[in-house]
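Let me begin by presenting the structure, written as structure tokens, before commenting on it.
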């Protein structure tokens, strides 16, 4: 099976998420990075591309040039990984997808809901796949949790408690912090601060595992750090279709939390609890019985998306790589290859998930602006 | 020092909380139970009193008779523990306090806010102490957390996340369950179900540790079990005086949770996290430094309210007994004894705390009835 | 039911374990402390007795005087709690038991194995009970674990890993540390340091839960702190009757451990794991199935020795009190009362357990002196 | 920088450790797998090579043919990963190293100590590197722990408690279990069962972190499963150079343990504790201060060997890949490239570590055969 030829837009130098995408794509050996427009600064784009061992001819100073030339090449890229700031997702996605190149785009979908809706309309007719890297759904125990809910093991879902707590924005980000700078800048990030950056992950994970949509929400957003333009904390009440209720808390000023995404789901027959910082374990309580410690690959612990046996912890990169695995399955299938085999029947996050995420952010911002009234999604 | 002569109203037979009060009163040897009206059924009152070794003359068929006679005795009770259903708190409190007998009353204060306000007015002039057993504030690590906040170790408080999750009402309580029966009956419990029973504990603990009042809240209450008259789950957004924000979740249908009261407080300099089911540990993170595991009696772990050294776990009864210790200090002091020594400078929960609790329940119910609008307390 | 009249030898002033015995005896209201020889210094004995509210006539300057007079009183003590240093256990036990007064004695049994053997012979014919407070067997989850092993739930026991780690003797104890002083003094403590003080607890707990005797052991003892006469660390290999093998580690110089007694038992059908610092939880894995979190009073978590429901943590004092409960059962039964009811069918630790403990210490010391050769117990 | 051309011997089809080596080599993009003798069965070797996308000409039916041809190729492999059963390590290592091809060999070094010594002598003069994949030393928190010990943060090391517990051999392995079959077969595994397979990891990790050698040991080995030829459990007392003492427990019949490698080290100034199943956390207690939770990449948590920020868990594959990173550093350096940069100053495990491991296994077996007498290493 020939490897999928992959390009990348953004992700130059020491960008965190670009390197993550590359490791995720490489882990299972189904992608080969062959082209890139890795920075909006041409010199950095060139240096970064060389450092990655790219052929100099396929290192581009801007993404449009890259899309045009790669689409024309016989062995041009089949897919592009987009790891730019939020406001630069939509333009890049369009440029590649309209030329039939699959897009693997970082989250959130766009900077604003309006942009997202426009993008959705535009790309509808394009003959290419769109994959959104809501990577936390790639953790095996989250796939397993989704399956448990789907199998009715928890009974009817009543409660969804989801949190995503960090502390890295507890104080005003210094100018030197590239990560902090664009994430707290409305022009690049969009209308949501913590809601857009991590709230969308929490929202997506809750929906992914329960299979339920949020129908309406009431949100109380704060910017605790003086002078910060975007929210750095959000408290959100959730009402799901079918009657389940929930809470979502996301914060980037919760001191002592590194990347603490947690999900708890309670039905009338059972409950589950999971934490991203201990991702190989899913706690499961069948009502009236002892709580069970389900482990990735262990007894009753699921088998999907697993590379090494129980007790050999897999982490963030492996979960991320599972999204790439699902994307690879779909890309290979789209080649029309006869002998392709779908490893990941649970498909990757799609444009629809991205739109839901933007609706979530938009609803949070509007609800909070009106003193936390309920807003339908 | 002569022991404090104690009576009890309610708590007959196998009542859970009555036995707890007796053990808590006994642990430190400062109270002696000498009288009781332990049941509203005279035969059960008698049998229960005899089982406890009470003098038959001081076993009463009703609390009014008990209050009258004990007040007249030369060695009558100095204090009464009240462990009746919520609707029977106010009448009993009045009957004893008006005769100068101190009241140690279980929570919540009353069944309704109106009752609570009336009670507050009535007992104002009585020459007796009122102690409310919000027992979770008696845990040493909670005393220590309060001290840490007060000392400014967390900086300005920004966030308060408090939860109290149980699962024992996941299904409709059978008629045989005495605990479930009165707690889900509005006549005996009052307007709040989970909010009154456990939400008040969560609310009180959050206020106790932070030293902040809740100014307003928005609540979404549910009765997930068909036919249940009172809420069995509540999601509440909180706004504290001074700008802190928070969330309170209480539930009696969260499968897998036994008695999981947890509190997290985040300031601009540090954060803390605590769980009642692991009460001897308080997690503390000074911003930018490693998280520390503070232990009861261990290094930097506080010394107040401790009976045995670090590593020898204390639990629910010891925490409860600390409320009785504080009450004993105050009662001894009220005797006018010269050599009394106050062990617990952090005073016991008072009528004011009880009133705040009833305001909390009342506000939750009213907010939820109006689709989670904000209600001032 | 009349309370059991209790005396105490040792435990004056701020002695740790004396106060523990008194709280444990008081918790369930079946004992009443009425006499004491609380210190070998008469003035301290008097002051301590008065502080505890004892009748001055029943405060004794020495234990022999106490034994004689109490035995002669019509309402003299029925039982005596002995909380002296190890070398003063045997003489006190004898003095009371030979007069028909039950002895409740702190561990280890004596300072040396020879003393223990002599004591065993002497008290054989006395008409009184001997109770040894190996208190960790009083934890409900340990009672439950024992029952599980006995019921064959783990299958045949293969492995026993037991540890008792502390760090309070990491540095040379200052003269001011009363606890440290006598525990590191061979004259008062006996031949074992950490082995006697905490190794005996670990050894006893392992035997209690598995129902197996240690047949032989090989031990490597150390005194890491310069100048310390007794061991402060011991590494011991264990061979149990029936073929099970194990390891015992006890240490008082393991920095970061407060009172970390842990037990793991593995059979051919299942395994369990427990830690004294988290005593309400027992981890149980049936082979090939997920690990279960059994909780005190929770589903499949046992019911014996429990005072408050699941989720309301009980601790060290409650476990200790369970030994007193078992002792009370036996003492009441020995009164010949018709209506006594045995609450604790699992009997309290006995002289035999104490002898085994002394054999353990003695074997450790002898094995280590001969370069860790195997010694039969 | 040109990628390192890598070959592999063993690791065909669904072999566990072969796939792990390939993922580890791929993660950081410094190796490229270009040749293989992936099975001793030629058909399986071919099929496995094709499945991995190898050029058919570089898929070899046996390792000798591979070594000869690759050494002769202009762009032949620079390094070979050896993932055969233990008895097939030495012959393969020799065949490649004598031709100047670097060997990256799975552990343990060989099947017997004699083999190991012979190998050591033979390869001494070869101009190639030997790397042993004791992968657990590749975890960032273990690198950090080693640094802490080296920096004197724990003071003088007194105690080393190391354990490696699994349960997958609790019952006799069915014939279908390829993993179980060769690991319990003395011909392929060598003299040690659990001691060789996992005990060597535990021994190596303890030595790596403390920087100390084991001087002597006393071991009690068992084969609990009837008919099993090799040990499935080992209890070992350790004496380190300089006076530190320790215990090592390894077991493959400890029900409920998946891959529970844990290490605790105690010095006179501090203690640390770590578990492989929660590898991103290192618990550290400075004596007399609260225990700290150090996290990979977090405050005071070390920075070496890290790919993603704190809170984004890395696991087994990332740790394994760190060994490959260190190997890559050395291989690149051996090319004489001017601009090579050493990322991993903490060098990879070497032949010497492998020899120590074989001495450990050999000493365990001999000690146990003589009733756990002390054996010098």
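Going in written order, the chains are labelled A, B, C and D, and every chain counts its residues from 1.
Please note the rule applied: contacts are C-beta pairs under 8 Å (C-beta built on N, C-alpha and C of every residue); 3 or more make two chains touch, one makes a residue touch a chain.
Remember, predicted model here, so these are calculated numbers, not experimental data.
Contact with subunit C and subunit D alike is made by A, B. Pairs A-B and B-C differ in how many C-beta pairs touch across them, and the larger number is found at A-B. In whole angstrom, the spacing between the mean C-alpha positions of subunit A and subunit C is 55.
Remark: subunit A and subunit B have CA centroids separated by 43 Å (rounded to whole angstrom). Subunit B and subunit C have CA centres that are 34 Å apart. Residues of subunit A in contact with at least two other chains: 257, 283-284, 291, 295, 298. Residues of subunit A touching subunit C in their complex: 283-284, 288-295, 298-301.
In the complex of the two chains, the subunit A residues touching subunit B come out as 154, 158-159, 161, 167, 170-171, 218, 220, 222, 224, 233, 235, 237, 239, 245-247, 249, 251, 253-257, 264, 266-273, 283-287, 291, 371-374. Of all residues in subunit B, those touching subunit C in their complex are 1, 3, 16, 19-20, 22-23, 26-29, 53, 166, 257-260, 276-280, 295, 298, 307-318.
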